[in-house]
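Per-chain numbering from 1; labels A, B, C and D assigned in written order.
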Amino acid sequence: MLVVEELTTDYGAVRAVDHVSLEVGAGSITAVLGANGAGKTSLLRTITGLVPATAGRVRIDGENITAMAVEEIVRRGVAHVPEGRGVIVELTVEENLRLGGLWRRAEAARPKEIYALFPRLEERQSQPASRLSGGERQMLSIGRALVARPRVLLLDEPSLGLAPVLVAQIMALVRRLADTLGLAVLLVEQNARSALSIANRGIVLDLGRVVADQEPEALASDERLRHAYLGF
Amino acid sequence: MEPRELARGTGLSVHEITVSFAGITALEHVSVDVAPGEVLGVIGPNGAGKTTLFNVICGFVAPQSGALRWRGEPLGRIRPDRLAALRIARTLQGVGLFPHLTVLENVTVGATRFRRAGLGSALLGLPRSDRDERALRERARAALAQLGCENIDERLPGTLPYAVQKRVALARALVCEPELLLLDEPAGGLDARELSDLAKLVASLGSSVAVMLVEHHMDFVTSVCDRVVVLDFGRVIADDVPRAIQQDPHVLEAYLGRDADTGDGLGAEARATDARG
Amino acid sequence: MTKFIDLTLNGVSTGAIYAAVALALVLIWRATRIINFAQGAMLMITTYIASAVINSTGSYWFGFVVALLSGLILGAVIERVLIRRVESAPPLNAVIVALGLYTLLVAVAGMIWGNTPRSFPAAFSIRGYDIGGTRVLFAPNDSFIVLVVIAVALGLALLFRATGLGLQMRAAAFQPEVARLLGVRVGRMFTLGWALAAMAGALAGVLVAPSIFLGPNDFDPILIIGFVAAVVGGLDSPPGAVIGGVGLGLGLSYVSGYEGSALVPLAALVILVFVLMVRPSGLFSSTQGRRV
Amino acid sequence: MRRLGGSAALRRSTLLRSLGLVAAGAVVLALVSEGLGAYDNLELATGAYYFAVLAGLTVLVGVSGQISLGHGGLMAVGAYTVVLLIGNEQWALVPALAAAVVVTSLVGIPVGAAASRLRGPYLAGATLAFAVGLPALADKFPATFGGENGLTINPPTPPSFLGASFELERWEAWIACAGALIVLFVLYNLLHSGFGRALRAVRDDEIAASLCGLRVGRAQTLAFILSAGCAGLGGGLLAVVLQLATPGAFPLELSLTLLTGVVLGGLGSLAGAIWGAAVLVLLPSWTNDLAHSFSLSANVENNLPFAIYGLVLIGAMLVWPSGIQGGVRELGGRLRRLRAHRVAER
């Protein structure tokens, strides 16, 4: 589904992503872990075209999307939930949701379908998103990403600033989405333990390079990796 | 229970605070005390009122009822810009540094309460103003050194790693020599190594500083806090030492999640590691 | 009493024009967070174009349509060619570019059409209605002005509130990057915002031209009041622009009628300061202060 | 050793630096003025009073982060104060200019206090209305302010010790330059003090600034008052140089031109204000000369200067997004890197 080959990104003289290769298949979750500044967010931003790649390729179902404009990449079925959630606080909850699927026109999911996943949002559908709590905003931004019925979901630190009970719920939901909708999920997380608990594969980045690419169990049992990068 | 008795006289005492916005109650009869030398964690689900509590203490939000006492004196109408003089400092969620000021300038702004020279001597460039400036900069350098942030005086915050920015923000709060330090999600966005550094730092603050921190990172809260207050729907549902909090059924229900105790193999294993360490 | 009625009616029709100008400014503010100081010069150009078309074809309505279309094109071209290059620069840069554009367009108009003002025809009669034997200061053409502005305001409200296109335009203005991640073609939304705004401006130009004379600088006072109206109403709010425009039209009509036209600018200042002291972001703005 | 001690003292003392800057400026300006004819000395005087206004405005807009489209109105306050005091009350030049600063600063208090509640375009709108509304007072009270025609005063007389042949225009340039240097002195000190830093902190993040103990509204109001005082001095100098104050001398265009000057020169720096003043003085006469060097029809010839002016504004903003001073700084940086590169290659 999503194939990243030797992707490299530079910010001026700084190399943020350094020849990263990975694959995420339909219905599977790949967790991207690593310390701050390891290049996790840059990797996602390069995949969606927010930052230009210096070298390498990104392909969706075989189609090379590397040099495309963000809007075009999104229209190939990639949904990116950015760090800090990117809820547009001036719009209402329902408007945020509708916005997610406008380019899909009739094929977009109805808000009702999203409310079925997140009943909390339905109660607040006509309120401006600025009134939502952090957890509700996270639900809204994930829900909004699903409206366009994407095939690839990129999640940037969904657990940031959330209560443990919510983190567990969100992780469980992501797993369920991958299983039921066949989404290919690339999950960037600081919270390695939660991320690995739902992932099919774990990748550890350091200074933009892949230093480990293994099954979650193997990663979690590697004393050296855990100590150096994962923090548990 | 000992620290709570102490708090009455010397630390911060929040008494029966109620806040509502547009008919929605954000805090309901909330009482919290924190004593010098104590590290108090405030946890709770998103939207439980933790940040509102901070905003009440800082004067950004006026409570409908209730009272605050600080060092034994009642705090009347609080103005944010007078907190530093009362020796109360707060860090903001994220970083909250001034993006176009250098690191040294950022921290020097935090030392504003030590400024003695007036506008007149600044406009005339009098030596008095220069001396004052040098003194403030010395304080700022000392605060940066205390946090291990040397040789970045002239850098802009945006050019530094996130964790270093958070340290600078902490230095800016500490430079006014606070007796109450309010930390809003200090661990947010930090990785494992940075977290353990931060924990050491908080532990080293000493017996004269009361610390109140809002945080979601439970491992961090458990390791640095002497006591934890749990808010849910604007009410205090628990107030106890961390170990007791983790077993409190209400807290498990509202915040930690029931699964936290059983969990899958991975989580259980991780907790076992924590216990060993 | 007749004077009061006359002033009220006059206030409504001039207020409708202020509202149209304010709508143009609000549209651009909503689309790209820029105050378009070139708006006055843009609508001056389109009105000159209309004048040229009317003179050569003899058809008012043909000129009217051409004005609107040329506004649409002018707005889109200006956004594509100039504004796009300063969108990521500090906000004041766009202000200066707009001021430069204003100077340039005024000069170009002077070069082509000369600096001597000329008259511009009205769509309908400008002889006031005869009500019970007295002639009031409100003519069929004023009815036309008010109706057109109401129609445009309603159309825009509908566009923004009820259509996906309007939603995309708002999202692009508030958070361009997030909007792009949701598949919104942000660049097109900006262009469209400028095009629509310039069209609303062009409309205001042809509506107001009969009651003033058409010259390179003759629209400036209306632009200033239109800007004040937009600020009074709250720059994010099209209904606010209309209410601000009509309110200001009425207020200034009374001041001008009872106290003399010299005090009009001062009165505008007083009204603005009064409103902003009570509501610092205008009457109908929904944006709120930063959360801690 | 002595030189080292001297530079250390310079580094430590803001006063020494600002006085040195003023002394150097005075010498340069006196020499320049000596070499100029009457017309060019008037241009120099114009540049000097523009600098006084632009320097205050650049502190307001670039350092404290507020915007003003009303500084032309504040200049009018200073100009009318000077003309009324000199013309009606027979005040001497210096006290009249000082009074212009005081009166304009006083006007700046309520305006600044109101401004500190407003942000961005709302502040722009309010100050714009101020610039448009204020001149109407001159029409409302023609007995005091002379209505449309305004008021006039006699030209200042050069003191006798300068010699009988000392030109009036040169004397006017000296007066205006003296005013500009005072502004330079005060604002240089301000920008290098803790107060300057406080203004930048407030501009960057009001909430964080208040938590650091800064009174946000008061800092913003003070910045406004200071820049109003500078505008008042600039307006007063304008009245002295032109010997008149009329509503027509302070149209909205003036306020917009001032804003253009600070942005084009480079926001937030006094050097930028110098560039800005130079542009405001030189650009119109250059465009005029250029336009009149072709033989064109009257319509085109009369409007061409404005067309060029507009094009230059647009072009400059596209080429130097951070103003001329920003461009100069970038160029300096590039040269330094180039030199370092050469040294490294050797």
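Rule of thumb we're sticking to: a residue touches a chain if its C-beta (ideal position, glycine included) is under 8 Å from a C-beta of that chain, and two chains touch if they have at least 3 such contacts.
Worth saying up front: this structure is predicted, and the values here are computed from it rather than measured.
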Problem set entry | Most distant chain from chain C, judged by the mean position of its C-alpha atoms | B
For this session: Decide which interface, C-D or B-D, involves more C-beta pairs in contact, and give its chain pair.
Result: C-D
Exercise. Between chain B and chain D, what is the gap in Å from one C-alpha centre to the other?
Worked result: 44
For this session: Could you tell me the distance, in whole angstrom, between the mean C-alpha positions of chain A and chain B?
Result: 30
Problem set entry | Mean-CA-position distance for chain D and chain A (Å) | 51
Exercise. Tell me, which residues of chain B touch at least two other chains?
Worked result: 58, 60, 92
For this session: Specify, in ascending order, the residues of chain C that touch 2 or more different other chains.
Result: 292
Seminar exercise, completed: Residue ranges of chain D touching at least 2 other chains are 207
Exercise. Which part of chain D faces chain B closely enough to touch in the complex?
Worked result: 12-15, 17-19, 185-186, 188-190, 192-198, 200-201, 203-205, 207-216, 222
Problem set entry | Residues of chain A that touch chain C when the two form their complex | 48, 50, 70-71, 74-75, 79-80, 82, 86, 88, 90-91, 95, 98-100, 102-104, 128, 130, 144, 148
Exercise. Which positions of chain C touch chain A when the two form their complex?
Worked result: 164, 167-168, 170-171, 174-175, 177-186, 286-288, 291
Exercise. Which part of chain B faces chain A closely enough to touch in the complex?
Worked result: 43-47, 93, 161-163, 185, 188-195, 216, 218, 254-257, 259-260, 263-264, 266-267, 269-270, 273-274
For this session: Using the touch rule from the top, collect the residues of chain D that touch chain C in their complex.
Result: 61, 67, 114, 117-122, 124-126, 128-130, 132-137, 139-140, 206-207, 252, 256, 259-260, 263-264, 267, 299-300, 302-307, 309-314, 317-318, 321-322
